[in-house]
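Order as written gives the chain letters A, B, C, D, E, F, G, H, I and J; numbering starts at 1 within each chain.
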Amino acid sequence: MQPILSKSVAADLVVAARICKGLTWAGIAESIGAPLVWTTAALLGQHPMTEEQAAAVCALLDLDDTVAESLRLQPSRGADPAKLSDPTVYRLVEAVSVYGPALKELIHEEFGDGIMSAINFNIDIARRPHPDGDRVVITLDGKFLDYRW
Amino acid sequence: MQPILSKSVAADLVVAARICKGLTWAGIAESIGAPLVWTTAALLGQHPMTEEQAAAVCALLDLDDTVAESLRLQPSRGADPAKLSDPTVYRLVEAVSVYGPALKELIHEEFGDGIMSAINFNIDIARRPHPDGDRVVITLDGKFLDYRW
Amino acid sequence: MQPILSKSVAADLVVAARICKGLTWAGIAESIGAPLVWTTAALLGQHPMTEEQAAAVCALLDLDDTVAESLRLQPSRGADPAKLSDPTVYRLVEAVSVYGPALKELIHEEFGDGIMSAINFNIDIARRPHPDGDRVVITLDGKFLDYRW
Amino acid sequence: MQPILSKSVAADLVVAARICKGLTWAGIAESIGAPLVWTTAALLGQHPMTEEQAAAVCALLDLDDTVAESLRLQPSRGADPAKLSDPTVYRLVEAVSVYGPALKELIHEEFGDGIMSAINFNIDIARRPHPDGDRVVITLDGKFLDYRW
Amino acid sequence: MQPILSKSVAADLVVAARICKGLTWAGIAESIGAPLVWTTAALLGQHPMTEEQAAAVCALLDLDDTVAESLRLQPSRGADPAKLSDPTVYRLVEAVSVYGPALKELIHEEFGDGIMSAINFNIDIARRPHPDGDRVVITLDGKFLDYRW
Amino acid sequence: MQPILSKSVAADLVVAARICKGLTWAGIAESIGAPLVWTTAALLGQHPMTEEQAAAVCALLDLDDTVAESLRLQPSRGADPAKLSDPTVYRLVEAVSVYGPALKELIHEEFGDGIMSAINFNIDIARRPHPDGDRVVITLDGKFLDYRW
Amino acid sequence: MQPILSKSVAADLVVAARICKGLTWAGIAESIGAPLVWTTAALLGQHPMTEEQAAAVCALLDLDDTVAESLRLQPSRGADPAKLSDPTVYRLVEAVSVYGPALKELIHEEFGDGIMSAINFNIDIARRPHPDGDRVVITLDGKFLDYRW
Amino acid sequence: MQPILSKSVAADLVVAARICKGLTWAGIAESIGAPLVWTTAALLGQHPMTEEQAAAVCALLDLDDTVAESLRLQPSRGADPAKLSDPTVYRLVEAVSVYGPALKELIHEEFGDGIMSAINFNIDIARRPHPDGDRVVITLDGKFLDYRW
Amino acid sequence: MQPILSKSVAADLVVAARICKGLTWAGIAESIGAPLVWTTAALLGQHPMTEEQAAAVCALLDLDDTVAESLRLQPSRGADPAKLSDPTVYRLVEAVSVYGPALKELIHEEFGDGIMSAINFNIDIARRPHPDGDRVVITLDGKFLDYRW
Amino acid sequence: MQPILSKSVAADLVVAARICKGLTWAGIAESIGAPLVWTTAALLGQHPMTEEQAAAVCALLDLDDTVAESLRLQPSRGADPAKLSDPTVYRLVEAVSVYGPALKELIHEEFGDGIMSAINFNIDIARRPHPDGDRVVITLDGKFLDYRW
């Protein structure tokens, strides 16, 4: 009996195969009919895939069953803190630090006491063309949950 | 000579006056013709206001010149870390931890090596009605900056 | 214009008045018709009270309007980390550290991929008589939320 | 002479065998006649098993004696801190942070100065059906211990 | 209504009065008929005193009722971490770091799986004369509690 | 040339051999004529053994010379911080946090300005029978060292 | 006897007077004939001023002798860590994190084993016009110190 | 399928080959026609190289394709925190701590509210001869970005 | 009853009076006939003074009895961590980090298993003239204590 | 191509060979004609050796060229923080914490504003016989560097 391949090892194999095959994350997502950010996050180890999704990805990337089995595993979620100081990720951390308390005020003003769910939640990313340089647009969309005793 | 009122004291006075006057953040933002999240963040101490903006807010809220002077001050930005564990703010932190590395991959795939600026940047919040419960939609919109030597 | 009394100062005044009047948390909760843990947490600064609740508590405890106003304020939730190492609180922290990963496995086994909400959530405490020494029984009851994109 | 298999390696092997055999934690617990949360925690490395329990689990899962020997080992208890930020586990951490000081007040009010034991202690989890969505109910049940010099 | 004097302020007043009156901790403990370490810890804010104990101490030290009231308050226990690096206290921290895992092994060997209670617990300190220099002898004495589900 | 076996690997081998041989820590300590806590701590990597002690232990446990050599090595002392949150060890940490400042006061009162040495120091553990449940008694015994310039 | 005004209070008074008088840091530096970054850092509390410099600054800003005395005080240097996460300062922190190890390699290649002194050191800032947007140019200039035994 | 060689392993191989071949960082940078600090940082894992750059470096250093492939990989940027306390790197950290807030004031004074980009950014290092000992001159040159909503 | 002046407030008053009177630390130490580093450390709050020493210092500096009383108080020793990153102090921290493990090896080689006491210990500082620039010479002198059970 | 042996692996091999050969650090230092603390620190990985020094040490200890090559490598300096809590090393840390601010005052009093260099610096250790027990004497000797713009 062997432990199941860890999700971080599986992710490293997916990344290597993706580059080697010349595929994009968008292409992989499309091929399994799943949302773009969800698919990328799942392949990096943040969501469990269904048996069909895992099999389809592994077929596309020529990865074997041990990877597929790992992709289906329930994850322990959350990034390695060292990855949060990468400049591309850090700008998101900074935005939460600068605007988080203001967003809290506005959620309470509009919805009352509660939160935006991070579970019943999706996130999307898009390119918005702009004459001064194109823009990254990230949309967080979560159900409002009120504190309800 | 007195030090200028600190921005956190000014923010506490703005919050008290806003509640006492029965005004909303949206109402204040509209009265000075500035974006909603920007205005709220500025009044909580994250952006300097212009002389006109500060004067208009203080007139609306019956606050004196010492508050206006503080609102114009250049801030040292960023939230007190203790505020990031408030559940409403923490869901944003969690979303960055779960999806940050995936967003990094997708920014690089779509735009190349670089970041979404958090400076040439805006953020908006909206309510999206939904039969299963309305949703909080937060949009981050920042210029892509490529690593350019 | 004065800032509103902070919730931690208001809590200190509530605690002093409660002891001085010889009242129990249970008695206060009953007098406002609200659940026991909720009421205690609210008075310690973790939930906003309605105008009626705040007025009733202040009347009962002979506290003035500045306290009532503070009790209605939207809180920034979460305990001062120093309070989590108090032995009575720490046993809860320890239980989460020892049993948290097992509970995670069992939530996933019974409900699928998701969480027990800490927002649509209540908590109760009771004494269970036992010949070897009475027992503290704490019940956490939260809606299951599945990861739903 | 070899070191005994570490409890985290043994846990990884148990998890892999459990999935491969299509067994549930509940099924394993039942098969050894032990409580559900206790059994899951023990197999994840938080409690030592008796020789009989370890042998029975390994027979059920087709694991060899090195695993059984590891399951009987006295553990060094407590979760890897990284696992506490997984969203499913974090909601428990958050509940302790928000309600811990209130529970402390109520333990002292009902029982006097002391703690709920985390040693003479059990914990259970159940599904409570609810029209708005089923609920996770977690019950902590520990002996009250008074500070006794 | 005033908040009750905090236990750390009360402790500072007790320390000042003790020095001013030329009293020892041992003398105070004896005067209220309570154990030495317990009394010292209680006056430093780690245990609540009974009404009689608090009154007796305050009479002895010429401290007023606000101190007595504070001494009766239920504490949030535990030292300020900065105090743990004082060399006199740090030697205890170091002893736990060097010998803690060995003591754990020996508790399990002698008693089985469980802990020495820190609640049903007392601690004493004594001077042991020795030709090479007198010795500090600290005795920790706690009930064994076995993990009992 | 190979590095000497690290003390943590040697400790894992000692633990495995001890269990496999059915020996106790007390039995090993007796067989080398050394104190119980000292011997256990030394075998867990906190003290260097003499050549004779290391040879005797390895003969008793059927361990080879590479282990003996490691047991004689000068250690870098102190526990892995993760081991300090194990509940059995943590109760000692908690006792230091709750009673440390009181012990400091009493050491100064009895001995003057100085510390209890953690070097010219021994520690013992015993079982004290008690009708309400036997007790763990841990005795720290260190030479008083006065601050002497 | 009063303590000397702390350097952070003095800095707050300097900042307020500078804004109130409509002066620039560059103007203040020029008026005392000292370098720009040095003067700004000194007034923010990072360098002691001479009696003449302190007097000249206080005359210019209409600040009294207590401020001058504080400006002459030997500082305990270094920024409050909270100020390092302000985005304007953080970009410098990020540059050190991304390029620090490369600069270390190049210092060793060019100069041998040693450091760039941060004491025999100056720093300057300038604006460099650029058609795509002007640039901030910061120059660090420190004496090379070789490891010399 | 193998994971791609990690960038830290690739960097170790580059360092070994560079020393073995007797090449300098400056020589490598020149050979690929890229800036000195950029090239060094890229080879240490902080920037992705183009296919041509990676191939040229590996040809020069007799490293195989697996290294070249790793050098082209998109990095997760930022130094291991342990490397920031190396004295040569730490002097840069110290300079940011001592002068960071002053530089922030001067950036705002000269450019307005904004930052020096660390992305549209370059950095250079030079030796400046000086009779009292040559000096290390490090120049940071980044585009000013104003906070623009 | 007032708390005794805290040692940090007393130190601030001593510093102010010392500057105001134009006295040196060396002069103060000489006037009370105590070692230089000891006296400075004691006045900064790290050692208790005798009644005579405290009175003599306060007479010399024109400070009142509340300061003298504070100087006699038993301290909780150790620097505020923020002060350890001041560059002048940090060089000592760095020396311990770079040379600490080597000194440990050499203490064990010369003396056997044990430590240099930091209690039966003194420290001195001197200027050593040198043609390349005078040198700071700091001497630590502590009794060797062997691990003795 | 292989990475160069890391300095920590090389240090482990040096330590093993030194013990196996029955050599002392002092003997090794003498054999290469280098200072004692410098040599020990260099072999533990804190200084690069010259080709001759590395070859001489490896010849003396029968270590091969891969070790010699590693000893010549430029180090990333500083101890693993876990090693700073070893009691023998910790006493140095404690001395810096207790006396660091006093030494800072005295450096400024004697030399003016500046530091003791930790680069143009040496350190020595000696045994000083004493009737009450021999003493460890550690001498830090660094060039004074004044803050010079």
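Brief remarks follow.
Keep in mind that, in the parts below, a contact is a pair of C-beta atoms (placed from the backbone, for glycine too) under 8 Å apart; a residue touches a chain by one contact, two chains touch by 3 or more.
Keep in mind it's a predicted model, so treat the numbers as computed, not measured.
Contacts with chain H and chain I are shared by G, J. Any chain that touches chain C and also touches chain H is listed here: A, B.
Between H-I and the choices C-D, C-E or A-G, the pair with more than half the same contact pairs by residue number is A-G. Mean C-alpha positions place chain C and chain F at a centre distance of 42 Å. For the pair chain E and chain I, the distance between mean C-alpha positions equals 29 Å. Look at where the CA atoms of chain F average out and do the same for chain H: the two points lie 47 Å apart.
In chain B, the positions touching at least two other chains are 76-78, 83, 85-88, 94, 97-98, 104-105, 108, 114-115, 117-119, 121, 145.
Chains touching one another form the pairs A-B, A-C, A-D, A-G, A-H, B-C, B-D, B-G, B-H, C-D, C-E, C-F, D-E, D-F, E-F, E-I, E-J, F-I, F-J, G-H, G-I, G-J, H-I, H-J, I-J.
In the complex of the two chains, the chain I residues touching chain E come out as 1-4, 69, 73, 75-78, 80, 118-119.
The part of chain D that touches chain A in the complex is made up of residues 9, 12-13, 15-17, 19-20, 61-64, 82-83, 85-88. Taken in their complex, chain E has these residues touching chain F: 24-26, 36-37, 40-41, 44, 46, 77-79, 83-84, 86-89, 91-111, 114-118, 121, 123, 125, 127-128, 130, 132-145.
Chain A meets chain G in the complex at residues 85, 87, 90, 94, 97-98. The residues of chain D lying in touch with chain E in their complex are 35, 38, 47-48, 74, 76, 101, 104-105, 108, 113-115, 117, 119-122, 145-149.
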